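Heads up, the thing below is written out as C-alpha cells.
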Amino acid sequence: MKHSAFFWFVLPSAAAMLLFIFFPTVSIIVQSFHVEHEQVIIEVENCGPFGCQTATAIDQEATAALREEQPLGRFAGLEVYKDRNHLAVNEFGELWAQSDGIGDFIGDLMNLPFYKALGFTLTYTFVVTPLTIVFGFIIAVAVNSAARLFRGPLIFFTLLPNIVTPLIGGLILFWMVDARGVIGTALRWLADDPSLSVKADTGLMWTMLMVYGVWSSAPFAFIVYYAGLQTVSKDTLEAARIDGATRWQQIRHVVIPHLLPLTTFIALIQLMDNFRVFEPIISFNAQAHATSLSWAIFNDLGGETRQLSSAAATSVLTVIGVAILLSPVLVRTYRSYGKA
Amino acid sequence: MKLKQILLAGSFLVTASATTAMAADCGISNGRLSIIGNEFPAIQTVGAAAQSCEGLADAKANLTADHQTINLPGMQGNPAEYTTAIVANSSIVALINEDVIRPLDDLIAAHGADIPKNQLITINGNVMAVAFMANAQHLLYRQDVLEEIGVEPPKTYEELLAAAQMIREKGIMENPVGGAFAAGWNLAQEFTNMYLGHGGEFYKPGTAEVAVNNEQGVATLEMLKALSEYMNPDYLTHDSNATSAEWEAGNVALMNMWGSRSGRLMDAEGSTPEVYENTVVGAPMTVGGGDKAASTLWWDGWTVAKNISDADAEATFLAMKQATSPAILNDETMGQAVWMIEGYEPAPVNDGVFSAISMGTIPYPMLPQHGLLHTALGDNIADFLQGKESAEQTLADVEAAYTAAAKEKGFVN
Amino acid sequence: MASKAQRRPLALQIVLLATLVIWMIAAAFPFFWTLWGSFKVEADFFSLTNWDNALTGEMTRVETGGAFTNNGYYGAWIQEEFWRAAWNSTLVCLFVVSVSLTLGTLGGYALARSTYRYAFWFLLIALIFRALPPITLVSGYLPVFFDLNIWGYLPTAIIVLVAINQPFTLWMLHSFFKNIPAELDESAMVDGCTRFQAFRHVIIPVMWPGVITTGLFSFLLAYNDFAVTAMILDKQNQTMVPKIASFLGTTQTKGNVMFAVAAVVSATAPLFVLIMFFQRQIVSGLTAGAVKG
C-alpha cells in the first residue's frame, strides 16, 4: 500500500488517539518527574461555628509567585519513582541488608505499598489468565456439544457475567458472599465451619477476588473459542479419526493447534486487563486485604488532597509492567507478522 | 412512610426549580449561578432554593458524589465553570490550597450583614465560607438491650467495652458493637476521632511534620483493636452502609455513627419494630479519662469562586444566602439535616450532634496537608488490626507514608 | 448429523452435560437472584438476619403489604429519572459505535494491507496506549475540558470513548481485514480504482461480519463504561452506569440500594435482546476473521 494512502486512511484514527491518549500520556510522564513547589506555611487563626483555633495555612501570594515562574512544579527527576510509596529504593536496600532470609525479606517488602499492590496484582494476573483460558475452552467445548436448539440461551447466559457492569455485579456478589448471605451460608455448610467468613480472612478474600475475575472473564474467552471451534476443519478431524486417533488425541493434535492464534489473542488482552484489576477491589471493599496498582492510582487521586505526581508515577510503572508482561507474546506476534 | 415523603419532596423541589414555580425574590438583577456539591437531600434543598431565585441569567446545579474530583478543575478555569462550591471542613482545604475561592468580607458587608456570625468560616482573618449545617459522629444504642443488662448508656469508651462484654456474656448478641471500620477513609476517620479523644496532636506545632507515633497514637490503636474484638469479624469491609445494615438487622446494640444517618435508622423502613423503636441517640463518648469527645465536628457550607466576574459573584452570594436562610425551613426540609439556621427546631434524632457541639468537640482539622495524613492512616491501620504488625510499627509506617506524600506535595522537605 | 463414529461415549456426554449445568448455574444464578430480589425491599434482598428472606419476602410484606413490590423500579425510573440516563446511554452508544467503526475500518484496512514494518509498530504503540489505566487519562482531561468549556456534554464523552477504544477496535478490525483476500481490492485497483474507491466498492460489501462483531464489543465498552462517564459527564447527562453508582449513597448519607438493583436489572434487559438477536452474527463474525488472526 502506498505511504500516502496509508497516511490518509489512518489519519482520523491516529488523530483521535494522538489527542486523547498520546498527549495525555506525555503530560502524565512529564508530571511524574515533577513535584510541587515547597508550600510556604503560615500560622493562622481559623474561626467557625464551633469557635476559633490556631492552625496552619498556605501563604497564597508566596506560593502563587513560585507557581507563576514554574507552573509544572519542581523538577524532581526520578525522586517520585524512588520514594517510599513507589519503588522504595532506600527501604528496599535496608530490608535487604537486615533480613534473615528470603521469606522474611518478602514479608517485610509486602509492607511497602507498591510491593504489596504488585504482589496481589501479579498473583491475580498469573492465576486468573490461565484459568480464564482453560475454563473458556472447556465451556466452549461443552456448549458446542449441546443441541443447536439450546445454543442461543446458553450463549446468552454464558455471556452474562461479562456484560454486566463490574461495579454492580461485584456489589451483588459482595452481598451474596457475606457470611449471612446465600453463598456465604452455602460455603459455611460446605466447609462445615460455622464461623467461616470470606470477608474476614485475607487468603479467602484473595481467592474470592480471583474467582470473581475468572467468572467475569471466562465468557470473553468462551465466545472467542466457540467461534474458533466452528471453523475447525472437519476434513482434518475426519482424517485423524480414520488414522485411529482417539478423541483426546484429536483434540490435542488438531483442535488445540488450530486455536493457538486465538489463545495468543486472548492471553494478550487478558494479561493487560488483569494487570489493571481495580473494580473488584472497590466493589468488595477489599482494600484491607488486597490492593492493586490501579487501585493505588485511584487512592492517590481520590483523597481530599490529590497526589498527581504519585498517581502519574504509578501509571507509568503500570504501563512498563504491562510491556514486560506482554513481551513474550509480542515477540511471537512480531515474528509471525509477515507470514499471516 | 416519612422517608418516601422526604424523597418525594426532594425530587419535587428539584423538578419544581426547573419550572420556577417557586420563584423567589432574592434581590438579584443579573448574574450566573452554577453550583457544585454533594448530593445529600439537604444540599438538594439548598440547590433548588438557590436556583429558584428570580433574575438569574443562568442557574445550574451539579450535585454528585464525585464533586470533590470535579470542583477543583471546574473552578480553576477562567471564567470558572462553577460559581459556588458546597464544601465541608475537609474539602474546603483543597480549594483554598489552589486559591480558587474568594474572601466574602466585602460581599457580607454589602449584602450579608444579617448572616449570623457563628455561620461564618474565617481563615486567616478572611471569611471564606458560610456554613449552614452540622454533622458529627456519636453514640447510638439499643435501649431495650441496655435495660436488659441493667446498664446506663455509656459515657466513655471503656464503659462501652464493659457493656459489650456483658451483652455477649448474656448471649443477647455475639458481636454487639458496630462501627464503620472499613479500611480507607472510614478507618482513618475512626482513628482521627479516637486520637483527638486521647488529646493527641497530629503535627509538630507550626509545621506540617507528622507526629502520631506516640503514646496517644498507641493508645488509640489499642482502643480500636479492643472495639474490633466485639465487632463482626468482617469489620474491615464494613463502611457506613454495611454498618447501618447490621444495625437494622438487629445484630448490633452499640454503635458510633454519623448524626446524618440516625434519622434513617430510626424510621420504620428496613427493620423490625423491636429495632427501630428502641434506637436511641446518645452523646459522643470520651476515652482514656479525657474531657474531649472522641469525635469530630463537621460543617457543610457554601463558598464563592474567585475566577468569575463581580456581577456573577454578587448574584451567587445573594442566591446562596437566600438558599440558606430561614425561608427554606418547612415541615419536609426540617428533618433533612442539623441546620444552623434561625428557626430550626431540632428533633430528638439531632440530640447527638447538639451534644457534640455543646461538649466542645474539636472540628475536623482544616489543615492544608491533612488529607495526606488521612489517606496514609486509612492505608496502614488495617495491618495492626489484623495482627500483622505492632502498634509502633504501624504508626511508623503511617508517618513514612505521609512524609513521602508530603514531600511530593511540598509540605515538608 | 453425527455419524456412528462421531457419537460420543455416554461417560463423556455426562461430563459435558454436568459441566454445562454447573457453569449455567454459576453464570446465571446471581442474575436470577437479583431479578427476583429487585421486587423486594432492601431488608429482604440484603438481609443479614436470614438469607432466605430474599426468597420469601418477609420484610417486603411488612413494609409494603405484598410479597412483591415495584418500589425499586418506581423510585429509579420515575423519581430519580433513570429514563434520562437510559436515553443518554442510547445516544452515547449509538454514536460511539458508528464513529468508532468508521475510524476503525479505515485504519484497520490500512494496517491490514500495508506491507511495511511501520504498520506493526503502529499497532504495537496502540496496544501500549491501551495499557494506560483509564482513570489516569481521565484525571488529565479535567482541567483542559473545563478550560475549553466542553466538560459535561455528551459529545465530549462520545469522542473520548471513541478515542480510548480505538486500540482495541483497530486490532480486531485489522485481523478481520487480513482475512479478506488482497486479490479482491488489488484487482479493483488494476481496473483503475483508487485505493479508496476499491475500499468502498469491493471491501465494504464483504466486511460486515467482522464489523458487526467489533461493533458489538464497542457497544459493550460504551454501555458498561464507568471511569470515563463518571468523571466527564454532568449530572443531567449521565449515562446508566454512573447513575446507578450515584444511587448507592455516601459515607454520611444512606442511598437507595434497591433503586440501584432495579436499575441494574433494567440496564441488563436490553442486552438480553441484543445478544439473542445478534448471537449468530457474533459467532460468524468471529469465525470470519479474528479466529485466524
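Annotations
Going by the order they are written in, the chains are A, B and C; count residues from 1 in each one.
FYI, a contact is a pair of C-beta atoms (placed from the backbone, for glycine too) under 8 Å apart; a residue touches a chain by one contact, two chains touch by 3 or more.
This is a predicted model, so every value here is computed, not measured.
Chain nearest the geometric middle of the protein is A, using mean C-alpha positions. Highest C-beta contact pair count among chain pairs: A-C.
Centroid analysis (C-alpha atoms only) places B farthest from chain A. Averaged C-alpha coordinates put the centre of chain B at 37 Å from the centre of chain C. Per-chain Cα centroids separate chain A from chain B by 33 Å. Work out the mean CA point of chain A and of chain C, and you get 18 Å between them.
Chain A has residues 178, 301, 306 in contact with two or more other chains.
For chain C, residues that reach two or more other chains under the stated contact definition are 46-49, 139, 245, 248. The set of chain B residues that touch two or more partner chains comprises 69, 185, 239. Those residues of chain B that touch chain A in the shared complex are 68-69, 72, 89-91, 93-94, 96-97, 99, 118-125, 131, 134, 182-185, 187, 203, 206-208, 233-234, 236-239, 242, 297, 299, 340, 357, 360-363, 365-372, 374-375, 379, 382-383, 386, 389, 397, 400-401, 403-405, 407-411, 413. Listed in rising order, the residues of chain A touching chain C in the complex are 1-3, 5-6, 8-10, 12-14, 16-17, 19-22, 24-25, 27-28, 138-139, 141-143, 145-146, 151-161, 163-169, 171-173, 175-176, 178, 180-182, 184-185, 215, 219, 223-224, 226-228, 230-231, 241, 247, 261-262, 265, 268-269, 272, 275-276, 278-279, 293-294, 297-298, 301, 306, 308, 311-312, 315, 318-319, 322-323, 326, 330, 334, 337, 340.
Partner chain C is touched in their complex by these residues of chain B: 7-8, 11, 38-41, 61-66, 69-70, 73-74, 76-78, 80-81, 135, 180, 185-186, 189, 239-241, 244-246, 248-251, 258, 260-261, 264, 268-272, 298. Here chain C touches chain A in the complex through residues 5-6, 8, 12-13, 16, 19-20, 23-24, 26-28, 30-31, 33-34, 45-52, 54, 102-104, 106-107, 109-111, 113-116, 119-120, 122, 124, 126-133, 135-137, 139-141, 159-160, 162-164, 166-168, 170, 175, 178, 195-196, 199, 220, 224, 226, 241, 244-245, 248, 260-261, 264, 267-268, 271-272, 275-276, 279, 282-287, 290-293, going by the rule given at the top. Note for the complex: chain A touches chain B at residues 35-39, 41-53, 55-58, 60, 63-64, 73-74, 80, 83-85, 91, 111, 113, 178-179, 195, 197, 199-200, 202, 284-289, 299-307, 309-310.
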